[in-house]
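Everything below concerns the one structure shown next.
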Amino acid sequence: MTHVSMKILFEHLEVPQIHTLSTYREKGGYQALEKVLKQMKPEEVISVVSDSGLRGRGGAGFPAGKKWSFVPKDPLKTKYLLCNGDESEPGTFKDRILMEQIPHLVLEGILIAAYAVDCHKAYIYVRGEYTESIATLEKAIEECHAHHLLGEAILGTKFNLDIYVFRGAGAYICGEETGLISSLEGIKGWPKLKPPFPALAGFNRQPTVVNNVETLASVPWIIQNGAAAYKKNGTEKSPGTKLFCLSGPVKNPGTYELPLGFPLKDLIYEVGGGLINNAKLKAVIPGGASAHVLTAEEALKVNLDYESLAAAGSMLGSGGVMVISESQCMVDLLSVIAHFFKHESCGQCTPCREGTGWLEKIILSILHKRGREEDIDLILNITRNMQGGRTVCALADAAAWPVESFVKKFRSEFEHHIKHKRCHLNVH
Amino acid sequence: MLVARPKAYTKTFYIPGLLIGMKTTLQHLILNLLHIRKIPTIQYPFQKRERSPRFKGLHILTKKLDGSIRCTSCMLCQTACPAQCIKITASENEDPKVEKFPISFQIDLLRCVMCGYCEEACPVDAIRMGQEYEWANFAESNYILDKEFLSNRPSLKGGVISKLPT
Amino acid sequence: MSTDSKEKVKIIIDGKEVLAPKGENLLKVLLENKAAVPHYCYHPGLSIAGACRMCFVEVEGQPRPLISCNATVSEGMAVKTTTEKVKEIQKWNLAFHLINHPLDCPICDQAGECGLQNYYMKHGKYNSDMQENKVLKRKVISIGDHIMLDTERCILCSRCVRFFDEVPKTSEMAIFNRGDRSEIGTFQDKALNNNYTLNSVDICPVGALTSKDFRFKKRVWFLKDVDSVCPGCSTGCNVTVSFDPIEKRTYRMRPRLNEEVNSYWMCDYGRLRYKQTEPENRILAPLKKVKGNLLPIDWKNAHTEWKEILKESSELAVLVTPQYTSEELEAVYHFFTQTVKTQAIFHTIEAQKLSDAVIDELLLRQDKNPNSQGLLSIAKKYNLENQDLFYFEQQLKTKSWKTLVVFAPQDPQSIPNFLSWLEKGQNISKKILIGTHISHATPFFDLILPTLTFVEKNGTFVNFKNMEQKINAATRSVEEAKPIAEVLCL
């Protein structure tokens, strides 16, 4: 590996027993918290995080410091910090590692963020299937309470915070911040209309900050080493490191911490060791199932940061890099993705509720030898009318993008399916 | 003011005009006598002329494949009818897949103008204009046709089944 | 919504400048200014859902079209409702609404006033591209005494869900399942149990919720509407009465907006009051008691009888109920005090009921008469306001009236023990009933004269707040019934 980089999140990942408080503290854990509580004002914390250029790791890439600064300073208002550990994007498995292996890093991040926005109640919304994450987080919270790192008068200061772990039911839509808030409130996990934005009226109609697990876990290091040190990694507009989840037919799939701006080609061929059986690369989905697919040609040119992926017509998203080899039928793959979004659409707004179902049915028709020539244009029409702010949340866009990009970039495969009623790979 | 019309002397000689008028009649008389087999007159009622399939005769209520009445009592025929001769009373059907059906369906034949709008308005091919046209009767009340007569009268021989999907 | 700030700002709607209150809901302002913005989930009486995504408009300076129901009016806003982009969105959103809709308009009661039909004719008019099988859902589910549910027709606008959450606050309906399997319903099809269920039928933009009472009775395009006031109680909800002018029958009553009285709603009890006007429940002709049996007579004979009775005017008592219009009551009081010259006019108003609050904390009041206040003010004018039923009973013991004229309630449910009250007047030799309802036509009376119900006459009802509200005549369901003036031979 030529790209040796600084590890920020995974610095102590390999340390045995790092999930226990004592080991974590031995490795310098909770020193950032102590520094923050004893030496810094909340505004200073926000400005350090803003200066570091840390961007939301959940998908949208919104600057974290900016998000915190939107919260009203009114001390009479109850504020909430929600840590989004729903991680429901297909192809993403990074938060899980953080929560299971280094839970105290996540908790420390939450503590610092809570101090910055003056909040005294934080929730970690964990995906229902992540039973092990829930168990380790709860154990870690217990340990913290025992050592005055949570609860009243943390580390002898006036700062109080309680962290609760909330187990979701595994709905994709509950990873969307307002959907998560609805779910946490105990009602159906439907995203809420914006405005009002959660920073002003979120959980229980109070100011709320929702941050991804990875975003919060990056905070302690930034506090400890300063914004300038963090900025040394990554690119100018996308500083820092990010966890990338490499999956698909590669030799070494897994989660890797890499600086932003890392070439996708190197991730696949050097970090990932190339494709199994040295198969030819056909396409890459760079940011979870909802991102636009990149053809092999585009994928080999692009770098993994917010700007260059946006320039290539896709997005960094949650960092779930899915590699697709030459032997994969794109119609078959798209039918799986379309089914996922149809199944996970919450059903609140019409374009998404009806559009996702319709798309799945057409794609299945094409796959099952019932396709018509006009179907391809119809799919493109439907996807065009599902995206661009037509719905309450971004799920409709997320459902439309992969379908649109698959059909546009691999149109010939779809045409072959329709014309010859079989796959050009002869797998169906 | 009345102005006297000038006399038309030619009109006093009416015999040539009469002959001109008779020209067509005489022509047909002679032609018919020469080709007696091609004579267009028929011996009604012993002999009946064939009707075009588009002929608008006595109404028929069609049936489904299972023999039940096809009409869903949407009342579009009643709405379209210019003579207001159709009266439908809808009711709940026991079969939840059918939901609505006409418990009574009456056509006042004396009001009906045989325009066929009902047939055109029907979204489910439930009403058709048939081929029958001999409906002379003695009592006025006999001209109010009910559902049974419209769908099941003897001349329909068990009713007309529409094969369109329901 | 901050409608309390009265500050008006200028906004431009399709190039036309209008004044609108600052912070007001944009869609509300657009609709008030006759901009034809399609919408399903927005209802002015409910909270905002933003689910149907039909009300997109373009606002200058905004990068994307936005839904007007979740936008607020601000100074200098330039709104465009008819651009190509907006039309494209409307067309496609309508297509999305329709792809899984069963299109069973022929058997749907909503046909003719259906949001899907209307907007299809206006914004759609295309051939559907949907070639796949539709999602099938449950149909013909009975939820409650008044409502039939069809989940397949539902477009999931959630108006009904929000209605039960926000107006009767019973939260009985919800949306179950996710995605295109979503269905509205009650938990385990439990019956809706409150007095406001039928409002959900009114606000349903499609035929998912239909009224059992109106189910399959009539296609709506045969009906004509007339503005009136509900006679069910002293709240006096503003209603629209729908009737068939050919059949001369009333088919339904729906609430009409009046912010000061009933807002957008009315109760189920009041809504079904129109049934008392149907000919089946009515006195169809003047009736005269002959040997203990009531026989129909014609009006000529009835009037002769009536005039004969009036000759013994000095010993005549009158009992009026607050179910008549102020005009009729004025005529009654005037006629009996001035022409017949009797002061024995009694009314049936119970004083303690007048001050009673609403029964169900929303609209329905204890006093089930539409015109109690009207009757009281007229009685006051003639100084007879203290002559109530209690006084009547007392007087019965001392006075020896020969004739009793009763103006019966038009709705027997408003005064359920009406006939048993009258039992006390058994000894009066001649008893005359002027009324409408068949249940009052008993051989207890010697002469029965049919009059008009609230759908057959014009007039004024005065509600509990002393608000005078006008009722309008719809149709004469009973030919033989006559207005009070003609009955009394004024």
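Order of writing sets the chain letters: A, B and C. Residues in each chain are counted from 1.
Going forward, a contact is a pair of C-beta atoms (placed from the backbone, for glycine too) under 8 Å apart; a residue touches a chain by one contact, two chains touch by 3 or more.
In this text, all values refer to a predicted model and were calculated from it rather than measured experimentally.
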Comparing each chain's Cα average against the average over all protein Cα atoms, the nearest is chain C
Comparing B-C with A-C, the one with more C-beta contacts is A-C
Chain-centre distance (mean CA atoms) for chain A and chain B, in whole Å, is 73
Dist(centroid_CA(chain B), centroid_CA(chain C)) in Å evaluates to 45
Dist(centroid_CA(chain A), centroid_CA(chain C)) in Å evaluates to 54
As the complex stands, chain C meets chain A at residues 48-54, 56, 64-66, 70, 88-89, 92-93, 96-97, 99-100, 129-133, 135, 155-156, 174-175, 177-182
Within the complex, chain C is touched by chain B residues 72-76, 78-79, 84, 90-92, 96-97, 99-100, 123-124
Residue positions on chain C within touch of chain B in the complex are 104-107, 111, 139-140, 215-217, 219, 221-222, 246
The answer for chain A against chain C in the complex is residues 171, 188, 193, 195, 342-351, 353-358, 361-362, 365, 372, 374, 378, 381, 385, 388-392
